[in-house]
Amino acid sequence: MGKTDPGNYFEDFRLGQVIAHATPRTITAGDVALYTALYGPRFSLFSSDVFAKACGLKLGAIDPLIAFHVVFGKTVPDISLNAVANLGYAEGRFHKVLTDGMTLSAKSEVIGLKENSNRKTGVVYVRTTGADEFGETVLSYVRWVMVRKRDPDAEIIDQHVPSLAQAVSADQLIAPEGLSFAKYDFSLAGAPHAFEDYAVGEKIDHVDGMVVEEAEAQMATRLWQNTAKVHFNQFERAKDPSGRRLVYGGVVISTAKALSFNGLQNAGLILAINGGRHVSPYFAGGTVFAWSEVLDKADLDHGIGALRLRLVASVDRPCADFPDKDETGAYAPGVILDFDYWAAVPKRG
Amino acid sequence: MGKTDPGNYFEDFRLGQVIAHATPRTITAGDVALYTALYGPRFSLFSSDVFAKACGLKLGAIDPLIAFHVVFGKTVPDISLNAVANLGYAEGRFHKVLTDGMTLSAKSEVIGLKENSNRKTGVVYVRTTGADEFGETVLSYVRWVMVRKRDPDAEIIDQHVPSLAQAVSADQLIAPEGLSFAKYDFSLAGAPHAFEDYAVGEKIDHVDGMVVEEAEAQMATRLWQNTAKVHFNQFERAKDPSGRRLVYGGVVISTAKALSFNGLQNAGLILAINGGRHVSPYFAGGTVFAWSEVLDKADLDHGIGALRLRLVASVDRPCADFPDKDETGAYAPGVILDFDYWAAVPKRG
Amino acid sequence: MGKTDPGNYFEDFRLGQVIAHATPRTITAGDVALYTALYGPRFSLFSSDVFAKACGLKLGAIDPLIAFHVVFGKTVPDISLNAVANLGYAEGRFHKVLTDGMTLSAKSEVIGLKENSNRKTGVVYVRTTGADEFGETVLSYVRWVMVRKRDPDAEIIDQHVPSLAQAVSADQLIAPEGLSFAKYDFSLAGAPHAFEDYAVGEKIDHVDGMVVEEAEAQMATRLWQNTAKVHFNQFERAKDPSGRRLVYGGVVISTAKALSFNGLQNAGLILAINGGRHVSPYFAGGTVFAWSEVLDKADLDHGIGALRLRLVASVDRPCADFPDKDETGAYAPGVILDFDYWAAVPKRG
């Protein structure tokens, strides 16, 4: 067993430790086509090279969520192979636009460790950075996961819970180099709604529902070289009470984001990830619905506004009445995702 | 709901109205690979760049059916989101070969409107045009759909049923720029059958059967950004008597076209779509079979002949005895598609 | 039926006959993305263009198994459409690295014919060669299949059983042009294990399990334009005792190879195929596991070592105890594949 990777257990992590993740991955138009086939996104910036160029993006610009999935996938063997649960995300920022042919690699710094009182598990906080082939940062984000201990008696000496921003502040948002919405073509993009048309507190039901099949979930997960056993090993999952493979949470994020086109047609470009919670597991075959809430607004340059949005997804539960959490923080039945992000939106000018 | 797209109802259309459809889409080698994985086509012109070049096609030439699917998909949110049925196609012509990297956009002109006597629905006729990034026409076709009225009492003043050609006449066929079959390699292409070997009235059973799985049907539909709810929203479809998602009709066309290789190995290039009828819905999991009938023949230049072909597909029903419609126009059980098109075929010389 | 391809029956083959297979196929980044989505390989040489370049490979180098699948697929209509069983492989060598944009074509020479004593079937041995668009050999291998006779009474005059190597000898291995592992980055590649760390006789359990869904199996098979009816025609397969479509054996090879990353992280590049046996059919939905055994080692130049490996795959049967064949040659229940190949591995130097 010496040559297979058993993954890290909680006591294997050290504060300040930096882990370089295997395997670098070159992204191509093939990945983009699969992304379209698996989720059905229609945002014009990432559907048309011509549209993207007219907005000042580099040739071959690719949806930042693909960069997120690729980098996340690389961290799995080192960070979450022995995880019990993926607890949250914070401080996610996209520094540079992913482009066709770029090779992404990833590393993570352990920024927090907190053993649970049962001493069987602990929470690991990592700040993960994805870089291109020149070592330039493409994205970075914090995630924290509950990881099993190999030995409950192992002493954990150096513990620390990092202080994390509730949200990326507007002045930290990075618009992609060259981006300008001064000549944004609302008609080609599918809707006239500009930055000015969205109000803080506004809720939007995205109406449409979409099933993810088991084969689609697996393909979407393998494509990002995410190796978590729960997504693929049905033989082992048969012993779980659910008896089912779990769908990678990123599939739910991308599906809900694609559904959000219906109402947020001009908010395709994610600038930052403020937080995210996989409220309940999603199993293939359920119909995913989604709604959004405008949490905040900010003005950037070059005709660009930013909307802070909450994207809530549910399963087999339409969202016309915006299923949400109650005052105790408990979510309505059927809710599976609560995702908080900033998106760039054109201003009317 | 103000920001989500409710689609157009019958009374929203006006004769002569031109609708520019969202979102332009750049086509890449990734789309082509998915097309191969989803349908299994083997026609040499679109399987080998070297073969295509030897026949005078531009580098990166792509099967015209992909252009059709992309353009069709774009029309769905505006034309058929509230459709009851997709009734037919006519006058489809391919003006320019789709190539790798081309960005397609689409617009439709309303050329006919006819309210049904029950006043709950009406038939909308549109002529849809797909263009490249320079505005040059890639394809155009007429389709008509039955669309619900929002308000049965709404008055429809300006009605008109357009006169449509039964078939594209041979002198209107457009061979792709540069195409020549003078040096066509029959051996590499997989069969010796030339234009001269096909006779009007000849029927060909394509023998092979092919299942389309639900995941494949969904991927094929999302890839073209076709958003029709019936293909994805199982939660809603559960209320339908079938209880099933419908497979996008274009999946059946492309599957049957790929099956037709066995017998029409040299007829890969569609020049025109004369008509098409989705006789019955297809549900994933059924085995698709197909047969063809030669309806007409025409001589073009540069060693190119054209065959007018009827492509009939069935489900769980082999086609050795050519299941067809009877004298009353009723189709044999199991038939799901009756598609009429012109294909280019090499002449022996 | 004259225009459809009935495939060859045993009595149709002649010793020395050379069959040029239809249809040439251009390989692109789209195929590579699908390969990743369908199997989840992580070997750095074929995941990162930058890594490949640092090892001296040509730009756009692609996993040799893709060349194998494409060439194999082309042979099916001519060689194994009427096959009862795919019996074995031998003498497989990769002469040139497959690269993005290369167009593969295939031909086979009949090198052996042996009628079975029941006179209903016979074994056909072919040496298949895949070449690029310049006619340069990319790979060649021998395979033998049991093929039905059309007419049991047909006389088979010229019979011959070829003598085949048990394994490609180390001095016949061809390292890709330019390949050097002198600066191999073990850390990026995911494991420190070098050629020197593997011992003949060593067994490695690859731990992970992976389901292949029906849709994935079909897509993987269509992608290589493999038309064998048993993979697609459920209507006909319903009459088989299994009632199921068979999964193309190459799917099992590529799945097991991808799983072998966990333990053979630096052995991604296949140099030769010594043999292979599909011990039992694999049906979609089963969880595939795998283990490997080091059979031999050889030294090449430029920091390159070669490991001869046996890759054994099982279904719904973890491999911690290395399920194998017994002294009678009978395999443990659950074993589906026994594959023997040479892989290039970096030396520590």
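So that you can tell them apart, the chains are marked A, B and C in the order they are listed, and the count of residues begins at 1 in each.
Definition applied: a residue touches a chain if its C-beta (ideal position, glycine included) is under 8 Å from a C-beta of that chain, and two chains touch if they have at least 3 such contacts.
Worth saying up front: this structure is predicted, and the values here are computed from it rather than measured.
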Between subunit B and its twin subunit C, rotation from the CA superposition, multiple of 5 degrees: 120
Homomeric contact subunit A-subunit C: same or different residue positions, threshold half: different
Distance between chain centroids, defined by C-alpha means - subunit A, subunit C (Å): 36
Multi-chain contact sites of subunit A, meaning residues that touch two or more partners: 28-31, 33-34, 213-216
For the subunit A and subunit C complex, residues of the former touching the latter: 1, 3-5, 20, 22-26, 28-31, 33-34, 77, 101, 103, 105, 133, 213-216, 218-223, 225, 227, 229, 232-236, 245
Residues of subunit A defined as touching subunit B within the complex: 28-34, 36-40, 42-44, 47-51, 187-191, 193, 197, 204-211, 213-216, 262-265, 285, 287, 289, 316, 318
